[in-house]
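Have a look at the structure that comes next, please.
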Amino acid sequence: MARVLLFGRLADVAGWREREVDPLPDSLCGLRDLLGRNDPLLAQALAGRGVRAALDQALASSEASLAGVREVAFMPPMSGG
Amino acid sequence: MARVLLFGRLADVAGWREREVDPLPDSLCGLRDLLGRNDPLLAQALAGRGVRAALDQALASSEASLAGVREVAFMPPMSGG
Amino acid sequence: MIRLTREPFDPGEALNAFCAQRAATGAIASFVGLARGTSAKGPALELEAYPGFTEREIEGFVAKAVERFELQDAEVVHRIGPIGAGEAIVLVMTAARHRRAAFEACDYLMDYLKSRAPLWKREFGPDGGRWVEPTEGDLADLTRWA
Amino acid sequence: MIRLTREPFDPGEALNAFCAQRAATGAIASFVGLARGTSAKGPALELEAYPGFTEREIEGFVAKAVERFELQDAEVVHRIGPIGAGEAIVLVMTAARHRRAAFEACDYLMDYLKSRAPLWKREFGPDGGRWVEPTEGDLADLTRWA
């Protein structure tokens, strides 16, 4: 089980910002597929250019394993300042 | 007659900052020569690299005429900030 | 070196504190980003952070800037949450022995914050909110430091 | 746009005043030059100006920077007379719609003040006073804007 967080535009598209996912798929790809299964707009947004993921608050590649992970964050392109 | 001003290092070398000169020579060159006549160190300093002159508070070339000028300033290389 | 705040902050007060007691510092560069005016009522924009992660990522980047530009110090203050028109969004300050390093590091940190720091900005206009993404210009700016 | 002062000034207060009421401004860059520590007693340095001429020359240069970088505003505060260690010597602030112009104009104005503004700086060390002239680096900096 893990907490999934969406930020910025992704949360607006999904209509939620935080959700428990149980059981957690084995990989980040699998989690993306699961989250987008009933929400084609979110699926599209998660596949968008510049979307990055963090696993337990560390940036991860899209092929990363989710074994033992407690928190997954999906982050659209960043813009501060 | 005109007021002659020296700034920065030039005033230190000359031992004065301000002096009335009467009669005023015709040209800036002539004034330089006059000021340096009895003060070889000032003569050398006035001929130094980067020394500029202002006539009545406007930057002037070294050949400028002094006709009608009331204030002449000699300025060594500038450094603010 | 990094402070996120939901409340308005005072850039001048922060600058004076940063300037204080620096016997070896000659140069302090700083940058203030202000929320531009808007025709809509309410906040001009809103910034979202990923609490914990955002601070650590920025902190790590500030440390990289300190090393790269041999800074004596650097500090970032960043608003999060809703921000009114005219209010300061961000303040970056860099201290160095000479001005070139201070300027370049401040510029570098702003380029980073604009397109690489985990912050998400929504601007409110007459037509509602719009999430801002780094512009082509912001991305081109980043390549200056590669 | 230019203020010469014999008294210490407060950079933070000046920055806040400069930031106030700018609905169209997104970016404010600034630079503070501080007098470095010295082992001698008394002031760390002393700045001489040519009253009237100095203000007009700097004012003219600030106007050039405003035009060249399409600034919304720019301001220079410069100390003259004796200055103690740790005190602010100069503050330059530039306001623009975007950060690149604000940064570049601030950098440009500082390069100018270091080697082209009618000011003469004497630093006091253990061996007494020494008139400062622009370094090779200062002159090289100037060529960046030619």
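Each chain carries a letter (A, B, C and D) given by its place in the written order, and its residues are counted from 1.
Heads up, the rule we're going with is that contacts are C-beta pairs under 8 Å (C-beta built on N, C-alpha and C of every residue); 3 or more make two chains touch, one makes a residue touch a chain.
Treat the numbers as computed from the prediction; the structure is a model and nothing was measured.
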- Query: Chain by chain, through touching neighbours only, how many steps does the shortest route from chain A to chain C take?
  - Reply: 1
- Distance in whole angstrom between the CA centres of chain A and chain D is 49
- Message: Suppose each chain is reduced to the average of its Cα coordinates; what separation in Å results between chain C and chain D?
- Response: 23
- Note on the structure: chain A and chain B have mean C-alpha positions lying a whole-number Å distance apart equal to 73
- Message: I need the residues of chain C touching at least two other chains; which ones are they?
- Response: 33, 99, 110, 114
- Item | Shared interface positions of chain A, touching two or more other chains | 81
- Note on the structure: The chain pairs that touch are A-C, B-D, C-D
- Complex interface listing, chain D residues touching chain C: 10-16, 19-34, 36-37, 85-86, 88, 99-100, 102-103, 106-107, 110, 114, 141
- Note on the structure: Interface with chain B, chain D side, in the complex: residues 33, 47-48, 50, 52-53, 56, 78, 89-90, 110, 113-122, 131-134, 138
- Please give the residue numbers of chain A that touch chain C in the complex, ascending. 5, 7-9, 12, 50, 54, 57, 73, 75-81
